[in-house]
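These notes open a run of structures that come right after.
First subunit A sits with subunit B, and in the next complex the same chain sits with subunit C.
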Partner chain A sequence: MTSSQQVLLSPAELSYLHSSLSLTPPIRPDGRSPTQYRPLSAETGILPGTNGSARICFADGTEAIVGVKAEVEKTKRKWDDDAVYTENSHNDDEEQQQDGRGEASNGNGNSDWVELTVEIPGYRDDDPSTVFLAQMLSEALLADGGFIKKLRINRRFHWKLYLDILLISPPLSYPLPLLSLTTHLALLATRLPRLKSEGDEDPFFDDDWAAAPYLYSRNPTTKRIAERPPVTLLVMAVGGNIIFDPSKEELAVADVALAVSIGDATTSQRSQGEDDRMDVDSGNSGGRNLKLLSIRTVDPPSRLTPPGVANAANSAYGHAQVVNTGANQKMPEARQTESEAVEGVWKPPRGGAKAIVMGALVQKVLVRGGVADEVLDALEGVDTS
Partner chain B sequence: MPLDTSTYSLALLRVDGRRWNELRRIHAQIRTQAAADGSSYLEMGHTKVMCVVTGPSEPGPRRGGAGGTGGGGGVGAGGQSKDAEVVVNIVIAGFSSVDRKRRGRGDKRTLEMQSTLANTLAATLHTHLFPHSQINISLHVLSQDGSLLAALINAATLACVDAGIPMTDYVTACTAGSTSTYAANDEGADPLLDLNHQEEQELPGLTVATLGDSDKVVALVCESRVQISRLEGMLAVGVDGCKQVREILDQVIKAQGQKMILDGTVDKGTGLNDMDLD
Partner chain C sequence: MADRRRINGPPGSTIPPVFEDDAGQPEIMNGKGRDRAPNTIRKMFLKTGVTPSASGSAYLEFEDSGKSGVSGLKLSCTVHGPRSLPRSSPFSPHIVLSAHIKYAPFATKQRRGYLRDPSERDLGTHLETALRGAIIADRWPKSGVDIIISIIEGDQDRETSKSQGDETWDMMNALSGCITVASAALADAGIDCVDTVAGGVAALVQDAGEDSTPRIVVDPIPSDHEKVLGACCIAYLPTRDEVTNLWFKGDLPASDAGLYTQLVENGMQASRNANRVLVECLGEATS
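The block that comes next holds the complex of A and B.
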């Protein structure tokens, strides 16, 4: 799958971009530092008709809206489930955030409890790139095991969550980071009606929306959110540099592009107490423990770009053709790809990513106090109440 | 749930408390998005739509063979034609209605709205000024509560104005209905202006779009059965509603224009000296 539409850049432009991004430090076309995200403005709770909604505008003008809607659905019973409702299912009635955690037997959710759709204007909804985006985003959510458990109401019923992700602007850059951040905020703002019924009764809810608890519960005193939904970051490598949140032009010269989904493991890590640094900076200032949820390689459009022709091989520059076989003359690219890399001549990356590069990319994402922390901190600053 | 229309005759108030000739609150914004050529946001009551206009630009590479696969309603032959092609693409968000209902791209009602909108705009925009080009209009429905087509037309007009595409005049749209159902066959039924979702489900209604201040109808869509004797009254009320909508949209655009001049985004033109900026 190509990650964005056709790039209209000449081999000379691509070569220029590639070499300026390969410098140390790299020079990006928009003047950002390699780890800097595009500035964004965000708001939540924009659609009163939904359980949760969010809107993010990136500074380059791309904009996305996410709406979350929930429905109560009957849980399909598995054959191996015991048909008798035991007494210990009484602890379900407190809050749906808490339940499911105590009993491992039937507390686990099912991946069809979440339905995620992505709409990009100008693309069909069954377009491979749209489906791939939706897949990447839902994969990250499902990999975060705690999320599905939150949707459980009781043994017989669960919430079905529909996430509709709309890209409002034309896709000026690969929209994955934007959509992921917007989904993150929408989920943080999502509230489900408060359950009034107890145990395995048919669910009955409080109709007071003000009493509805958040899907991601807050600490009642500090108002801080204990757990956070995952975010997916787009990282790419050019030459020896690692660049975050690439724009469309930057992605066009990427050697490797990765979509890395991370979750915040602060709470679980803290309870284990295995990290001595947590004692020093227990707040959110010193960075958080991040856990890796999923990695996907994104096929950068750079692989499909035409190669440049070096002056030395270009007959227009007075070079006498050494080999003048018919096949080579018809396909100058075919000949060019086999030649050695020439300084200043664009040569699309060939072959897969090296394991060491992939490792470095993931390492860079997960580093404490790095970009992921910065992004999560920024998102925490958005008022989601 | 059937709509209780019996109380209308008692107080002459509709279910949401409006009189027969009252519009719902219309709130509009233009230039909502920096990256787009033209953009707008429009609320008619609880119906909320966003519009983004791209173009006039060179027709992009077509995905999936001939014919705009992404946009349903394309008018004009695109790259080969002397006129610009107007491609309309409507995305109805799954969360827009009370019960989540997902509509695919191939949904017949959406396709029909796309082609109605494309035809209406192609007739009003000066497409002959932009040969071999394409005007892409993408509309997003965030919330729906009746009069969807009218809201889409109004939002598209605003976005086209923002994009600076020359057009004959504003195209403004409004719905009109009748106080009793077709089956009731009530001769004394009053016409109604600007139907909401509940009324739209039960009562006969039509969407009418007019050009500017004139009585020229550029689009008329009626999808319900209605006695012909009632049609004239409904149409008259609808056209009158369009004029009210035009006033509101005009104010929105003038306010934005003044703001842009005061901010220094655009130069004050020669003809603007008599405009009162304070």
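The block that comes next holds the complex of A and C.
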């Protein structure tokens, strides 16, 4: 599947793609600019049986739905947690102190409060690439502890969140950007029943769904979402160019591909009054305060592509009779593969990427007013209520 | 899915009883955290050719920190191949690489099952990415190689109770060890690589104490520090000066790009150090 899937392109096609993507500006097969995303249509709240759901359909026909379900679960006491093992925990002072501690340790939550599964048609759910996608998405979600804290009900109970990500079309391209954007929208649309009980008693909820608050709370006056879930962008480098949201064919000639997860730090951890002021500020500066949550190298399928054979090494071509020296006779395949790079003959990339190139990719994602901003703005335009 | 074919241990977690120290305080509180310089990695022991039946093998051990109940990382890697692909598999112009990483059931604080769990599969994918860049894959068309790593002892502090979410940081350390040991085993198996690839980890850590500012250390032990703010694991080819795998996790403000660059730089430095051990070990093996 996914990134390491066999690419059905001939060496000549790969070479053509590579050279057209290496031009300045690059010419992409579908005519997009290097930073342009595929057009998409999105909707939320499509599944009535879930706490939140979303569907995104990319213009190339790939489509994904995400359903978020929440269950109340008893929080496992950590074995060092508090008074359980100490005898003199009954006086009030101690209790108070322990409350504070419980808050500190329990408030952090645990990463197994979120279960994220990815389903891709035609692939086993324990396929390494499916697992890789799921881990990448959950890693981004859990990278700042803020998300897990939202799931805490009280010291004894928490929400367990199940995110089920389904790709419902065949994987025509590496599905990471699609799945990430769909998950983002589904989380924005997620609502949890309003808690009626207080303190550490057994949780009791309001059965009025209209009163259920959103997991990502809205500013009551501006209806603006204060904090947003992370998004993961796929970005690749080919030649000297940086290309966002590559299609399958483009990924097949990538020198290096990175999945970069970013969060929006614009309004988190700020009070409401400040929030409004910040709105004005950010309007002026034109950009968000992004934060970098995770980076993973995606194994580009270009390493698995078949190499082309230059005319000089191709005895079938006629004029170039290959001289078999002693070394070559022992290793006939070395003759072909160790040839010099020839213009117009595809050679799969070997080795890694320079740290500077990777740094440039990350920088390009994080730049103020760049693609990440554009994507977040576009997602903000989707009606999630 | 329960594993019904084997006799498994108890389903719940079994944690050995932990007794309070004489000092009565965990070591973090005593200010005894990391005793190495920020830019040095732990000592390691690497030996190739430990498994005679495999075409290549290596064993890697990290020095433990001397605390009781803390074990270093112990890895054993075997490489089988290159061998011909089964008849049923499609044609491949390159060597087909498959990496399996498995924690021994007793390697970590929490017992691991016999079946690989998602985090282990994930590590395997990372390792594949790291090695695929290093191997000259087109010298073996129509063949495959299996790289099997068992983590005999994961680098975990049994005594720290507050190791909340530390598993991911431990995974990074484990991955860097896996990359180094797999690279040694590949060389032992005689599979051509562009260079020896080695792993390195750098982390941005916050130490205990009020006035401590976050600092960058290489080869971090999460239990030595109050909090790990971000870490990156790098697979690096020193002679080509190229990175084959980069895995970063954390929470960094985008405005501070220098921090990210520094982390990567330090990760590369750590992997250069590991590579020195690797090269020396391979030199010993051939002489």
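Keep this in mind: the second predicted complex is superposed on the first by the 325 of 385 C-alpha atoms of A that agree within 3 Å, B and C clash if a C-alpha of one lies under 4 Å from a C-alpha of the other, contacts with A are read in each partner's own complex, and residues count from 1 in each chain.
In the analysis below, a residue touches a chain if its C-beta (ideal position, glycine included) is under 8 Å from a C-beta of that chain, and two chains touch if they have at least 3 such contacts.
The model shown is predicted, which means the values in this text are computed figures rather than measured ones.
In the three-chain model built by superposing on subunit A, subunit B and subunit C fit together without any clash.
Legend: residue contacts after superposition of the two complexes on their common chain; A:Pro307 is shown touching subunit C, with no touch to subunit B. In the superposition on chain A, A:Gly352 makes contact with subunit C only, not with subunit B.
Within the superposed three-chain model, A:Ala341 lies out of touch with both subunit B and subunit C [touch as defined at top]. When both complexes are overlaid on chain A, the residue A:Ala316 reaches neither subunit B nor subunit C. Look at A:Ala210: by the touch rule set out above, it reaches neither subunit B nor subunit C.
Of the two partner chains placed around the shared chain by superposition, subunit B is the only one that A:Thr62 touches, whereas subunit C remains out of contact. The partner that reaches more residues of subunit A, of the two candidates subunit B and subunit C, is C.
Here subunit B and subunit C sit at a least CA-CA distance of 6 Å once the structures share a frame through chain A. Counting contacts by the rule stated earlier, residues 6 of subunit A appear in both its interface with subunit B and its interface with subunit C. On the subunit C side of its complex with subunit A, the touching residues are 15, 90, 92-94, 118-119, 121-122, 124-126, 128-129, 132-134, 136-139, 141, 161-162, 164-165, 167-168, 194-195, 232, 235-237, 240-255, 257, 260-261, 264-265, 268.
Those residues of subunit A that touch subunit C in the shared complex are 6, 78-80, 105, 108, 110-111, 126, 128-129, 131-132, 134-135, 139, 142-145, 258, 262-263, 265, 289-299, 303-307, 331, 333-334, 337, 348, 350-355, 358-359, 362-363, 366, 368. Taken together, the subunit A residues at the contact with subunit B in this complex read 5-6, 47, 49-50, 53, 57, 60-63, 65, 67-69, 71, 117, 119, 121-125, 127, 162, 164, 166, 168-170, 172. Listing the residues of subunit B that touch subunit A in their complex gives 33-36, 46, 48, 50, 52, 54, 60-61, 63-64, 69-71, 89, 91, 93-96, 98, 100, 102, 104-105, 136, 138, 140, 142-143.
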